Amino acid sequence: MGIVFRKEEMKDIQSASNVNIVQAPAGFEGPGFFATKLDHVVGLARKNSIWPLPFATSCCGIEFMATMASTYDLARFGSERLSFSPRQADLLMVMGTIAKKMGPVLRQVYEQMAEPRWVLSVGACASSGGIFDSYSVLQGIDHIIPVDVYVPGCPPRPEQILEGVMSIQTLIQNESLRRRNSPEYKQLLASYGIE
Amino acid sequence: MESKPAIQEDNKQYTTLNLGPTHPATHGIFQNVLTMDGEIIVDSEPTIGYIHRAFEKLAEHKPFYQVTPLTDRLNYCSSPINNMGWHMTVEKLIGAELPKRVEYMRVIIMELARIADHLVCNSVIGVDTGAMTGFLYVFQWREDIYEIYEEICGARLTTNIGRIGGFERDFNETAWRKIKKLVTDLPAGLKEFEKLLVRNRIFMDRTIGCGPISAERALNYSFSGPNLRAAGVDYDVRVMNPYSSYQDFEFEIPIGKNGDTYDRFMVREEEMYQSMSIIRQAMEKIEKLQDKTSFHADIPSFYLPPKEDVYNNMEALIYHFKIVMGETDVLKGEVYHCVEGGNGELGFYLISDGGRQPFRLHFRRPCYIYYQAYREMIKGAFLSDAILTMSSMNVIAGELDA
Amino acid sequence: MDKPTIDQVAEAINEKFGDAILSKEQQYDFTVITIDKSILVSLFRFLYDDERFQFRYLTTACGVHTPDQPKPFTMMYQLHSLVFNLRIRFKASTTLNDLQFDSLIPIFSSANWMEREAFDFYGIRFKGHPKMTRILNVEDMDYHPMRKEYPVEDLTRYDKDDTMFGRDKANFKKLN
C-alpha cells in the first residue's frame, strides 16, 4: 500500500523537489539514443562536481567560511565537498596572503594535485600581494604556479567568490579534452618549472 | 575525567607526525612537528611565520591614518576593535577629547565585533568536535553583524571603520534599526546554538578537561582575554584600564575554573550576552544624551573635512591638504594603549618622532603571546584534543604572524 | 595591602639598583625607566618577588632601532602588576658590537617568542635562550629586516618602475 498524501502536502513536496537540472549538451536525439561530443559530456560532469581544496591562509578564508555557510551556500554549485587532500582535488582555491615562507608549500600542494587541475586566486594578496608590498610577502601566487581565475577584493565578498567559482565552471565546461596534452600547456608548466 | 595515560620514559619508538602547515584542522597555517606515542603527543615543535606580512615594518612607512587598514588584518575576525584601538592610540598621542556620543558609538561597534569574533570561535569548536550544524546556524547571525558594518562603513570583514577622532559619518536609521534587531533576536539564536552543544554529552566529553592550563601558568605565559578568564583570572582591560567610557557601563566578567576547552567555550558564550547588554545600555545612553549629531571629535588637523567643504571653504581645503600631504605636526613621544580585543589585550606601542609616520609601532598581539603555551598544553594529550585546544584558543594566523 | 604608587616603585628600584638607573621620565600614562642592561634579570626578579609590587605579568617586549643614538638598539619591556593594576616600562640600550641581552625566560615563559622576534627583526641576541633562531621569517634570510637601513619592499621585485613609484634606489644598491 502506498503512502497517501493530502493535497496540500503534495504541494509542499512538489515545491521541495523543484531542483534545477543542467541542460543536456547539443546533440542528435532519437528514440532510444542520444549522440553528442565526449568533450561536452565530460565538461558537463566536471563542471558540476568540482572538489575544491581551500588553501585559506588569512582574512579571505573567513569570507570563504561565509561562502560555505548557509547564507551563500557554495553547495548550490556542486562544490560543497571540500577536498582537503590535494590528490583528490580539482580546484585549488588560494585565499589569503602567501608569504615567502609559505610559497614552497603552496607549490608542493599544486604539484600533488592530479590533472586536470584549476587554480582560483581569491583576493588581492593572492593575486598580487595586495597592500602587503613587503619583504616577506610573495607578490602574487602566479610567480610560482599558473592561475586560471583571479578574484579581486580585499577581501572579496562571497558573491565575488561565487562568481570566481562560476568562471572556473565556464572554463571547465569549455575545456578541450586534449588541452592538457597540448604543447602550449606543457610549455606553460615548464615556464614554472613544474614537471 | 579519567587521567590520561602517563608518558613512559623507556626506549619506545616514537612516531614523528607533521601537523600542518596546510592541515585543514589547524584553521590557518600553523605547523607543529609532533612526537607521538601512539595517539598521545609526547612533544611538539611549533613553527610559525607562514603568513608573516611585516605589519610593523609597513607601519613605519605609512601615515597614521593609513595604518588603520593594516590593523584590520591583524585579528580579522574582529577588525573594528583593532581599528579603534589604533585610533585611540593616536588620539592619546595627540591628546584629543572625544564627545561621549562617539565613545558610546565606538562601544557598540566594538561589542558587535566581539560577538562576531566569539561566534566564529565557538562555532568552530563545535565543528572540531564534529558538530557542523552549530556553525551553519550561527553564521547567519554573523552575516547580520556584517550587514551592520556595511551600513556604517561599507565593508564586511576588513572594515577600516572609523577615523582618527571618530567616525567618517553618522550611523543611519537602517544601522540603528539593524543593531536593535540584532540585540533583540540574537539571544534566542544563541540559546538555540547552546542547546546543540552546552549539555551535549559528546561535546562535554570531548571538551571538559581538554587542553587545560592553570591560572599560574597562564599568567606566566602572559595570557589575556577569554583564555585567561577561563583559567579563573578576572583580568579584563575594559575594567582594569577603561577606555572609550567603558566605566559607564554595568557588565560582568565571566570566569572559568579549569582553563580547559569547555571553560573557554562557556566564557565566550557568556561574554556574548554581556556584550549584548553593553550594546543595549549604550543605545539607551545615546538616546538620553543632549548631543544628537556629533560623530567625530573637533580635531581639524587630523580629521578630514567633508568633501563639500573642501571645495567651498578655504580653511577646510588647507586642512585637507595638510592631512593628505603629511604637513600636520605630531607630538614627539611614546604611547602605549591597549584595548580588550577578541583574544585579549591588544596593545599598540607607538613611538612618534614628530613625523607623519610612526617611528616604531609595535603591536602587542595576544595570539602571538599565548600560542607559546600550546606546546605545554598539548603535552600528554590525544592528537584530536590538540586540534580542539587550538581552535578553542582562537589562534588567528594574521594576528599570530603579524 | 595598600596599592603602591608608581613613585614608590621607582624609589624602591632606585634604592636597590641606584647606580644602574640611567633616567626616569613620564611618557603619557607610563613611567619609563631606562636601565643598564646588566641588571635586567635581577631587577625583574626583584619586582616579581617583592610582595609590595608583584609585577608578575610581562605585557610585552620589543626591540627598537634608533640609528642616530650612541646606543642604537633598545629593548622595551612592559610589566603589569595585576594585583595593584600598575604598569611600568623599562628600556635598556646597547651598541651594535654588544648586541646581547640576558634572557627573561626563567622569570616569564612568555618572553620566549618576544625575544625570538627581537632577534628575527633586529638581530638582538639573548643569553640563555634555548632556541635563538628566526621565528617569523625564513631561516635563510640574511639580514634583520626591521633595522632602519633596510627598505620595506621586497628586494627581488622587477615589475616596478623606479621613476614612477619612488623606490629607494640607494637602499636597493646597497644590498645588491
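Letters A, B and C name the chains as they come in the text, with residue numbers starting at 1 for each one.
Just so we're on the same page, a contact is a pair of C-beta atoms (placed from the backbone, for glycine too) under 8 Å apart; a residue touches a chain by one contact, two chains touch by 3 or more.
Small disclaimer: the values here were computed from a predicted structure and weren't measured.
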Topology of the chain contact graph, where touching chains are joined (line, ring, star, complete, other): complete
Comparison of A-C and B-C (more C-beta pairs in contact): B-C
Chain centre separation (subunit A, subunit B; CA means) in Å: 31
Centroid spacing, where centroids are CA-atom means, of subunit B and subunit C in whole angstrom: 24
Centre distance in Å when subunit A and subunit C are each reduced to the mean of their C-alpha atoms: 46
Touching two or more other chains - residue numbers and ranges from subunit B: 49, 52, 54, 57-58, 401
Shared-contact residues (touching 2 or more other chains) in subunit C: 136-138, 145, 152
Of all residues in subunit A, the ones touching two or more other chains: 101, 133-137
Residues of subunit A touching subunit B in the complex: 54-59, 61-63, 65-66, 69-71, 82, 84, 96-99, 101-102, 105, 109, 131-137, 154-155, 157
Subunit B-facing residues of subunit C, complex: 27-28, 30, 32, 56-60, 62, 64-66, 76, 78, 82, 85, 87, 89, 108-110, 112-114, 117, 121, 134-138, 145-146, 152
Interface residues, subunit B side, partner subunit C - complex: 48-49, 52, 54, 56-58, 60-61, 92-93, 217, 219-222, 233, 235, 240-241, 333-336, 338, 345, 347, 349, 351, 359-360, 362, 364, 368-373, 401-402
In the complex with subunit A, residue positions of subunit C that touch it: 136-138, 145, 150-155, 157, 159
Subunit A-facing residues of subunit B, complex: 21-24, 28-29, 49-54, 57-58, 69-70, 72-73, 76-77, 120, 135-137, 139-140, 142-143, 146, 156-158, 397-398, 401
